[in-house]
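One structure, as structure tokens, below. Some questions next.
When the chains are written out, they are named A, B, C and D in that same order, and each has its own residue count from 1.
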Amino acid sequence: MSAAAAPQAEPQHDAGSPTSGATGTERARYVYLGPAGTFTEAALRQVPGTEGSQCDPVGSVITALAEVRHGTADFAVVPIENSVEGGVTATLDDIAADDNLQIRREILVPISFVLVGRRQLELNEIQTVSTHTHGWAQVRNWAAAHIPQAEFIPGNSTAGAARGLLDDSTTYDAAVCAPLVAEQTGLPVLASAIEDTAGAVTRFVLVSRPCPVPAPTGSDKTTVVVPLPEDHPGALMDILDQFSTRGINLSRIESRPTGAGLGSYFFSIDFEGHVAEERVKAALAALYRMIPGIRFLGSYPRADKLKYAIPAHTRDAAYRAGQEWVAAIMER
Amino acid sequence: MSAAAAPQAEPQHDAGSPTSGATGTERARYVYLGPAGTFTEAALRQVPGTEGSQCDPVGSVITALAEVRHGTADFAVVPIENSVEGGVTATLDDIAADDNLQIRREILVPISFVLVGRRQLELNEIQTVSTHTHGWAQVRNWAAAHIPQAEFIPGNSTAGAARGLLDDSTTYDAAVCAPLVAEQTGLPVLASAIEDTAGAVTRFVLVSRPCPVPAPTGSDKTTVVVPLPEDHPGALMDILDQFSTRGINLSRIESRPTGAGLGSYFFSIDFEGHVAEERVKAALAALYRMIPGIRFLGSYPRADKLKYAIPAHTRDAAYRAGQEWVAAIMER
Amino acid sequence: MSAAAAPQAEPQHDAGSPTSGATGTERARYVYLGPAGTFTEAALRQVPGTEGSQCDPVGSVITALAEVRHGTADFAVVPIENSVEGGVTATLDDIAADDNLQIRREILVPISFVLVGRRQLELNEIQTVSTHTHGWAQVRNWAAAHIPQAEFIPGNSTAGAARGLLDDSTTYDAAVCAPLVAEQTGLPVLASAIEDTAGAVTRFVLVSRPCPVPAPTGSDKTTVVVPLPEDHPGALMDILDQFSTRGINLSRIESRPTGAGLGSYFFSIDFEGHVAEERVKAALAALYRMIPGIRFLGSYPRADKLKYAIPAHTRDAAYRAGQEWVAAIMER
Amino acid sequence: MSAAAAPQAEPQHDAGSPTSGATGTERARYVYLGPAGTFTEAALRQVPGTEGSQCDPVGSVITALAEVRHGTADFAVVPIENSVEGGVTATLDDIAADDNLQIRREILVPISFVLVGRRQLELNEIQTVSTHTHGWAQVRNWAAAHIPQAEFIPGNSTAGAARGLLDDSTTYDAAVCAPLVAEQTGLPVLASAIEDTAGAVTRFVLVSRPCPVPAPTGSDKTTVVVPLPEDHPGALMDILDQFSTRGINLSRIESRPTGAGLGSYFFSIDFEGHVAEERVKAALAALYRMIPGIRFLGSYPRADKLKYAIPAHTRDAAYRAGQEWVAAIMER
């Protein structure tokens, strides 16, 4: 697939069948933060139309997004919030770096862990256990209670740690991983549902190159990246004011250092609403006036399909009425 | 002059020569809060092009504005702030009552008073003195010091009180009035510059029926009337926020009871800027969304011609840049 | 009663019996905006304990308040909002002028008018009618419909206009006044309940010299006067922010010119709450820091006894908890 | 040293000599994020009085802070902003977890890197290079330009990667590390000052158990942790308002997930000022009322000793004046 054709390759959210737009016979190529068997692959499998497509694990979030930027992949699936494999900060940072990516959809994956062994073992026989550091953080209490003697060996991923048990390149006794990889590998499950917090969820996003924003569904989310003017953290208040004065609720706000030095941050913000809505247009335009470095990363349907209340005076009809009233004054 | 033709009869602010637009031979008719010789007539005389026009005093602000509404006059000059003849609250209330009037220009008149006598008198001979109550309030200290024995007789106007000295229908000894009426009547001036506060100024407005708003001059003022949602005085904060978030300074804000009961107010607001400016359009549209009962009373040049600073991010260019950025997102 | 003893002469709001504190035999002296028979006298009659006291009408609000300031009266009753006799602006201005007065209680009086005649007349026989200008404004529609031929003669008060019918010093045919003065004078009632707006109410206040603030009742109001820093009407937003950030609702906010020139205003503000409450203390202290010219005019029970909701985090207990938390940090 | 005695073991910031308070002979024990030779050790060496003390590297931020919590160490030095060794998020999260730690001082360390080799090598001979991932991120451009062929091998720390070159347990050719560890090990320096961004700085903090807050210096910083009420990211605005309404500037604000699920965050905030100052007390008490889960982590001198402007109306004198004014009302 040529880079030029790729922006047309958009998921058909309504039809549930994303396809390459170049020809009917070409299929879109998806990349995801690997290896196979992680929660990211589970997220990818939720995207409609991926069954017959080429789906390739890659080594890092940065690689996945670079493939989309360069047109060698049509879509990437990467974690963006509370991932057990890490990558969230890489996603927040890399996706914010230029205007060449667009979030097309969000995907929620429930998080549960199993402990797999190199062989069938009693828990008290385990001397060493490997997994991703973030995964380990989520089973730490269980581990302290049930395998207090075990030393933690950091691994590159939960799935990689599990697969490491299949050969002799590693020496640890057990690994913490997603149920999926246990199934795929057939490794003995020594304990399951060992996560410290039940009900945890990780959020992933499907990313493509910039393309037409999908129509509003009435339950949408928009993601923007707003650099905070240096040495002026109080400016965050002015930013937030642009949302609140227009009745727009934030659903996520996270700071990230820009790398340009102490005190240099950008904010990654999700808010309720769609860029096609007047109040959102007005808020974005106002933010652009204050901070021209703002980036628009996409408007897309909420995964939870929850509807949100819009105050009457900030609905599109109210915006149009206000604009018409002013226009009438100007046309006297 | 027909009512239909009147709206075209606008003062030519640039040319300094307001003329009736209907034909070259017709002249605009001006009415003002009389009687002749008051500070309001002095204000009228400042309006370019009134020399050859018909200028008639009328008995009240309400009458003056009604003549304009009904088309029997083209323009009215009435006090709007700090008048010595009263009428300010009448102006604020009556002008706010419907959409049929527009402020075309503001006029500042310096306030100074003289004491005139029925005949040449020593100050200690004065037993009774008449003037308008508001005028009396502005010479009260002088009167307490120089004519403590004098009883105050309320009059309908400063000029009327002075003219009352010309015949026998009244019996008081002296009157406080504008220097102009002393000249016009030839009454003996017993004391001059008797105002307690030097440098006082009254503000008047020139009002017509609705017509095209004059082009911005870079030093403009806009007047609006905003009813405060009943039983919700805190809403004033939401109103003010629409100005401050767009870098718009208020130059006057006054409350007036609507007459509909305790706690029912409207606010008369002057702010820096012109409805043709984007930040003003945005603020007005936002107010309209919140409070559809808002009335636009006019954008017009400041009498003091002072320039005001507009923050870079609220200038028209910034507004256009923000709108274009959002438009570009929508046109992907 | 001596001036020195007067401050102790406070109404016993609980007991319903205000008495002079000096001795059991002395009685407090009340003055009110006269003449007798106006709505202000009706307001005075609602104050518990006034039956046996000396109650004197005086000619103006300024005189009434001056008597209290000078100690020649213990209490004054004056209109403060929507009066039919005027005086509201005089009250707002004069009471704000120094720290020597305190609002002790608010009183609500329903407003209804009758038309009385010099003799029994048909409505169409009435050629001239007198009353206070503000009273006339409240029966204008009725008059236009029922006595369109009648000329309006401004009077100093509704009661004065009615009493004028009793002798030959005046020549008008009828007067608009309160039902009370019709009863007191026995003048023939030509029409009653002629007010244009049913249910209108005027608010009066009982004023004394400064004294201990009464204990909070849970349904209280506080009145302050806040001068707006000159040439900075935007400062109003900072003022309002001090209330809203502490969950305090405003029940009235009115601007008044200070008389010091164009653009110089003060705001008269009533808000829900009592100075003994922590959130009110904090708001007042914050306002004082910004605008040291602020004046406290009193905390007193609401006439309507309505309870208002106080957000949990702004209740006294929350304030104390916050202060204790900070104190604990300081005592480490 | 006993745990009980430890809280007295505070650095004598004025004297520059932190000592254990138990006896003159006991010395405080410091732990820091190891291994030796990292930027964290460089930070530790800046703390006055550490020369003769026991200074031990530990394996993680969590271990360092746990030693202080348990009393086995008196002080810990850990990175808190923009570290090249990572640990920042661990510090932000772990220090926020309870009330048992207090920030005593901040330390700024300029960041510069060298490339050391297992032996003297030409740059184009390097096939593999190790360092900490965050360190690698800061020399990535240099590496792409000068050693594009080299594969990156993640290490646990910059110093650890360098020391790995000293024996045969590792096989990579070179390492990126701090100049200090090159000196300590004598490894050949193949290139120096290879950081992509000149002038980078990392911020560290010195932490102890809770103890008396040091006196204000006029150039202080306070750190707090504020959990954001779940599902209410807009609450951030209310939090920020408590600072801005009191003229307090923020110098850092960072979000961190609480680990309790999507959308659950806390904010780590540094602001200008000291808890002994009235405006800071007021802001902290207000935040506590809204969000009782707030944690105070310390007031301490700024490393850069910069003075900041405090608006006149938020200085201690203004606070005291406001409180006295309200107190006087209550004492009438």
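Observations on the structure shown:
In this text, contacts are C-beta pairs under 8 Å (C-beta built on N, C-alpha and C of every residue); 3 or more make two chains touch, one makes a residue touch a chain.
Predicted model only: the values in this text are computed from it and were never measured.
Considering the contact criterion stated above, no chain is in touch with chain A and with chain D alike. Centre-to-centre, using mean CA coordinates, chain C is 60 Å away from chain D. The set of chain B residues touching two or more other chains comprises 241. Chain pairs that touch one another: A-B, A-D, B-C, C-D.
Of all residues in chain C, only 81-82, 108, 137, 197, 199-201, 203, 233-234, 236-237, 240-241, 243-244, 249-255, 257, 259-263, 265 touch chain B in the complex they form. Note for the complex: chain A touches chain B at residues 210-213, 241-242, 245, 275-276, 281-282, 284-290, 292, 296, 313-314, 318-319, 321-323, 325-326, 329-330, 332.
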